[in-house]
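Two complexes follow with chain A in common, the first pairing it with chain B and the second with chain C.
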Partner chain A sequence: MVDTTAGIAPRARFLTRERIIKWAPLLVLGVLVLLFPFFEWLEDVRAGDAHTYLLDSRFFSIRNAARIGISATPALMVAIGVTFIIIMGSIDLSMEGTVSVCAVIFAFVFIAWGGTVLSWAWLAIPIAMLVGAAMGFINGLVHVKLKIPSFMASLAMGFVGTGLALLLTGGDRVRVEDPIFRSLLTERWFNFPVMVYVALVFLLIAWFIQSRTTLGRNFYAVGGGEELAHASGLNVERVRLMGFTLAGVFFAVGALLAVGRIGIAETATGNNFMFVSITAVVVGGTALWGGIGGVWNTLVGVLIVNVINNGMVVIGLPAFLQDAVLGILVIIAVVLSTDRRSVSFVK
Partner chain B sequence: MKLDIIKPYLPWITLLVLVLVVGIANPAFFDPQGMIALVADIVPLFIMALGMTFAIYIGGIDLSVQQMANLVTVIATVYLAQFGIGVAFVCVLAGFLFGAASGFVTTRLYVPSFVSTLAMGFVALSGAKYLSGERALSMDATLRNESFGWMFGNTVGIPHELIIAAVLLVIAWFLQTRTTFGRSLKAVGSGELAAVASGLNVDRIKILAFAISGTFAAVAGLMFSVKLSGGDANLANGFLLLAIVAVLVGGTPLTGGVGGVINTVIGTLIVVVIRSAMVYLEIDATQQQMVFGVVLIAAIALTIDRSKLRGVVK
Partner chain C sequence: MYELRQVDKTFPGVHALKAVDFKVNRGEIVGLVGENGAGKSTLMKVIYGAYQPDGGTVTIDGTTVRFQNPRQAMDHGIGMVFQEQSLITNLTVMENIFLGYEAQFVSLGVINWKAMAEAAKQQLAKVKLDIDPATITSELSFAQRQLVELAKVLTLEERVDGDLVILLDEPTSVLAKEEVELLFNLVRELTKRASFIFVSHRMDEVLELSDRIYVMKDGEVVDVVAHDNADMDAIQHKMVGRDVDKEYYREQKQKPYGNEILLSFKSVSQGRRYQDISFDLHKGEVLCLVGTEGSGREAILRTVFGLDAPTAGTVEIKGQTIARFNARTGVDLGVGYVPRERKVEGIVAGMNVYENMTLSQMQNYAAGGVLRVGEEKSLARDWIKRLAIKTPNENKDCGGLSGGNQQKVVLAKWRSGGSDIILLDHPTRGLDIGAKEDVYEMVREMCDAGAGIILVADTLEEAIGLSHTILVIKDGEFQKRFDGTPGDKASPYDLVHHMI
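Moving on, here comes the complex of A and B:
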């Protein structure tokens, strides 16, 4: 591409359109983080109370940041999994089923083999991840081998997953009460629970896969132009299969964190993950048509959605309004982070 | 070559095979009255899927239909006393406007329809919660029967719901196949850039397609509301994915441009047969969801015409 900005003043070159759009999601997050304390400030000033902006804020506090972290981590893992799929230009709607199955199988194995991390029961953790990988692999097989578009294949696999979880539990809840496993939530380092650090480690792993491995590069190649990738000798089917398998592993991690958070595994563990995670991915600036974005975008997107949800509660917005405000803010966030000139049309 | 001839009829064949399998396993399934009752029962889902067909036909998707129907159940219940049968007009108008708003956000603000309709669905949900005060409301029985009693009766053994469904189907079919608007829908679905280049006002067509989807969702919501004699912000939950599945199994791919409303009829019937087969084949309640998913994969694998997916399967 020809550098059209050459010759323009350095200041203008620093603020190129591409740069602004690239950083737009982070900007939206920053504005939101400053916006909610502003409403708190406004309320106190109106009531005539003393209130220093940010310092006296209930929203802008470490305690609340930890709360946002707890609510965001399972969703972050699921969203990272689906990010790889969306980068390939496909979509995965099976996460609710996969999360439920992984959570339930983890809980069963964990309890059957001792019920504490200090016994052989710790093997339940890798087993759950293997189950996630297997579910993702089957999902990929249905998509690639039966040539069913991923939307339909994964939607149906989601039904199978939820059904399997229901079949395994018979509709019951399984409690996981091991204090060491629950320390994911209860043990705090520097004010944040352990699960936040676990999620951080997996985020770094995802980032490594995305930017430092051939597989990660291939995701972008497939998403940027599948026929081109195929013509250059890439085994597209294999990349897709690997992508769905990898996504399954991250769904499993999300399931483990979700169980760690509430201490219960059931069919409903996976509920609500589908729309939240995909919305978060898109809000973060990863394009649904593939080839653009990545795991850092997803981190910002998940934080945006969770900050909005948390902030609305903190400033005491009426419950019936919260859905609409979330919807409108999501639209605004996507509008701000879309590069209109690079998009010929939107489906 | 032979395969090419039967390809367009694959959804029909799938439906027929399913019906035969269930019927042979349990002949009670063939009871005509039972079948009519079965089909009449899913009319709201069918109407929702019918509207969704337009959104998918142009290559988009409408995830707001369920919340739209929820909102309409509340509107219908709250304003029935005030407007009488006129509330139907209010409901349909609300559906049209909400759908048009989704279309506007999609086309003019460049938000993918997956996100824009999801977000507009949240707005509708808020509206429903606000109007209902987050409670389950119920309709006044006499008012309901006066205004909408005609929706649920029988004429020579045919439930009125089926007649309503048939009328809406004819309208949708006429729109899709016999009008310039229908032609332009196909043009947009098959190749949006080509449609723009040939001078079509693509934005307007897409906005209208989403508006139609919203309108049908509103009608479905109205039927729910009258049927269950009440309104609630969660009344229609669980229908969104089924409506999408009905459209896709019928053979209208997400890429748009092929399929159409007739396919949605078959798709809805396939979904219904699979669902009711569970009852007739006495499959345990805990296994039903899983069996549904597996049969669905088989049905989709049989039904979809891969030659029309244009090369890449995403």
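Moving on, here comes the complex of A and C:
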């Protein structure tokens, strides 16, 4: 009985499950973008003011788009890093610690070596990325060599990172005031700050890695069938190690953009990245059990999360509701993207 | 007493059961045989309540019943002994036996373990298993677990008024010959308590044990044979619906193999899996390892591929002695492994056709870690044409292809990478007849192209039909070698004789 159904071509349907899963996140994003201006319109009409839908919207404006871009870019970098890990069917929860450590070490080195990008201090940027890579590598080693489940290994490494950052700073804030570095935020091209373009470049790099390199292909192979990847001669352990290392690098980029955005590096720099990035990846449609999804999904996911956050501020909903809404969104996203016929029990 | 009349079951695209009549009398052992996909498992699922029939009636002692789930079927005395054992291995034997029926031992929310152990002992006595009911199940041998499973089903006796019908799905697949004999004696004895439906791929066992045999093909019962008139050839003929002949296995295309040795096993042992195995595989040769499940056939394949290192002896591939055993070494030396579980080890569902084909040879399509996707795609297009793979294009998700076409993708993966030692582990399992013939055709082509093939076949007929050389393995030890040329081959009987 095994393959009798597979031999028969399924009737061509427009709304297949795969199509829905593929396009649902983008659809949600579109609906959200049109929904928030609707609330504004409703409010103004009730107050008796003139309001042209979309045109008079505070939410649907270039200014606000730039604001969303600024808040989304560090999270996007972190989320891209964790996307690779989730494609492999693992998970990485070390982002908050890694981001803090990278931010703090970057700030220390940057200030010690001149405090401006025009001196040797620019080396702090690659050093921060190396630190991120090292953290990720250790994370991977703990996971692969000590055979500890990735969520536990990375969660622990995250705590180590947060502790390390606190140890380095002693709880102080480190200010990075170099105007050239801060131009990440202050310099704007076509209304958007430079950091958005930097993030775009890294997004394209991530896409290249995902679709055009053996490493990216290996991520999908390991996530789609670890046994098979092994039986095809892939070194699964090495792929995992490289995945965690790569994720570390993207966490470091996220840290740099986060410091560029507020001009401060501290232990708290990493706060909130875990929830936002995991939420974004899942809401974007990357499957938690691996093998499906990618960085474009994550881009859409990050935008959904940030549009909701921003939109709720614009229409004046209290901040504590935002996390609750995102939490519900995660559950809906997983329910929609899980083929529950094939998974009978979940531990 | 238990009867199905004109039972029908349809799935999207498949008419799985067509007006099936099926009857079990009190104390009878009924055999059920058919090829993969003939409808046996669907019929079983209807019987034990996992599927509801679309049409027809089910009656027990003349009363019409309809089961919504297996639990209801059990309450009517129908129990199932699963092929994939259904015991939970980290629980004790008694907990497994009474799983879901603990209520009888509970008072005030607390389980009376002593009473449960006592009751479990009674159940175990029925299957003549003398073990402590508090044993953790994972400590038992497979044969013992099988008996516990049977004991679990036999608890129905106390719970249900009326007669029991017990389904045995491939109960012997994990058992040694002596254990099979014990199980059969037990089943014969238990016919006092219950009727049995015995489903097995092992025709000889079905013939031996069953009072009547139902033969299924394409969702229909094509024959019912009484034990005394049963004849293996006639039944097989009915199952396949035509002669299993030389044409089928492409025997006329079998050519003598060359002199060049591709692979050489010299007194190789691996722990307790197999001992002192020696053979040479030549260019153009199909060498078939024949034995029962667990006889060591698969372990030998795994060693050739490099997944499990041997504990003694030497393995030479193309004159080179293997020192480090891992899958990479195997792949690099041209060994390709087509595993039994296509979904688990054969193709990555979710990756498309070309990605699957180059999975084992990505380094040939990449420079500095960057893939040349264009080349991958043209390779895939080439092989889609050569093997007539039915897919709209090379970008299609492999998970959406039929089993036969998935198998072709797996073969294309190894052959396009230049592998010339191909290990086929049940390559036709779960394929329909047309797809099987495609696989046989490919086996002959690979031989013509100079590859050597080690085959673990789905059936003895397949092993004989395809191979030049047959090595019979039993309990990890070499038994006998058969050399066959077209028209002059061993018979299944010769092989079975040495297998068990």
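Here is the rule we use: the second predicted complex is superposed on the first by the 301 of 347 C-alpha atoms of A that agree within 3 Å, B and C clash if a C-alpha of one lies under 4 Å from a C-alpha of the other, contacts with A are read in each partner's own complex, and residues count from 1 in each chain.
Heads up, the rule we're going with is that contacts are C-beta pairs under 8 Å (C-beta built on N, C-alpha and C of every residue); 3 or more make two chains touch, one makes a residue touch a chain.
Predicted, not measured: the structure shown is a model, and the values here were computed from it.
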**OP:** Check the residue A:Thr279 against both partner chains and state whether it touches chain B (first), chain C (second), both, or neither.
**Re:** first
**OP:** Considering only touches as defined above, state whether A:Leu321 meets chain B (first), chain C (second), both or neither.
**Re:** first
Original post:
Once the shared chain is lined up, is A:Ser150 touching chain B (first), chain C (second), both, or neither of them?
Top reply: first
**OP:** Mind working out whether A:Gly89 is in touch with chain B, chain C, both or neither, as first, second, both or neither?
**Re:** first
**OP:** Return first, second, both or neither, reflecting whether A:Ser232 touches chain B, chain C, both chains, or no partner chain.
**Re:** second
Original post:
Residues of chain A touched: more by chain B or chain C?
Top reply: B
Subject >> chain B versus chain C as contact partner of A:Gly291, first or second or both or neither >> reply: second
Subject >> Partner chain(s) touched by A:Leu118 [first = chain B, second = chain C, both, neither] >> reply: neither
Subject >> Contact residues common to both interfaces of chain A (with chain B and with chain C) >> reply: 227
Original post:
Inside the complex, what are the residues of chain A that reach chain B?
Top reply: 89-91, 97, 142-144, 146-153, 155-164, 166-167, 170-171, 226-227, 275, 278-279, 282-283, 288, 290, 319-328, 330-331, 334-335, 338, 340, 343-347
Subject >> Residues of chain C defined as touching chain A within the complex >> reply: 11-14, 16, 36-37, 39-42, 305, 307, 327-328, 330-332, 337, 339, 344-351, 355, 359-360, 362-363, 366, 369-371, 373, 401-404, 413, 429-432, 435
**OP:** Within their complex, state which residues of chain A touch chain C.
**Re:** 1-8, 10, 211-215, 217-218, 220-221, 224-225, 227-235, 291-292
Original post:
Considering the complex alone, what residue numbers of chain B touch chain A?
Top reply: 59-60, 63, 105-107, 109-116, 118-123, 125-127, 129-130, 134, 192-193, 196, 202, 241, 244-245, 248, 253-256, 286-294, 296-297, 300-301, 304, 306, 309, 311-314
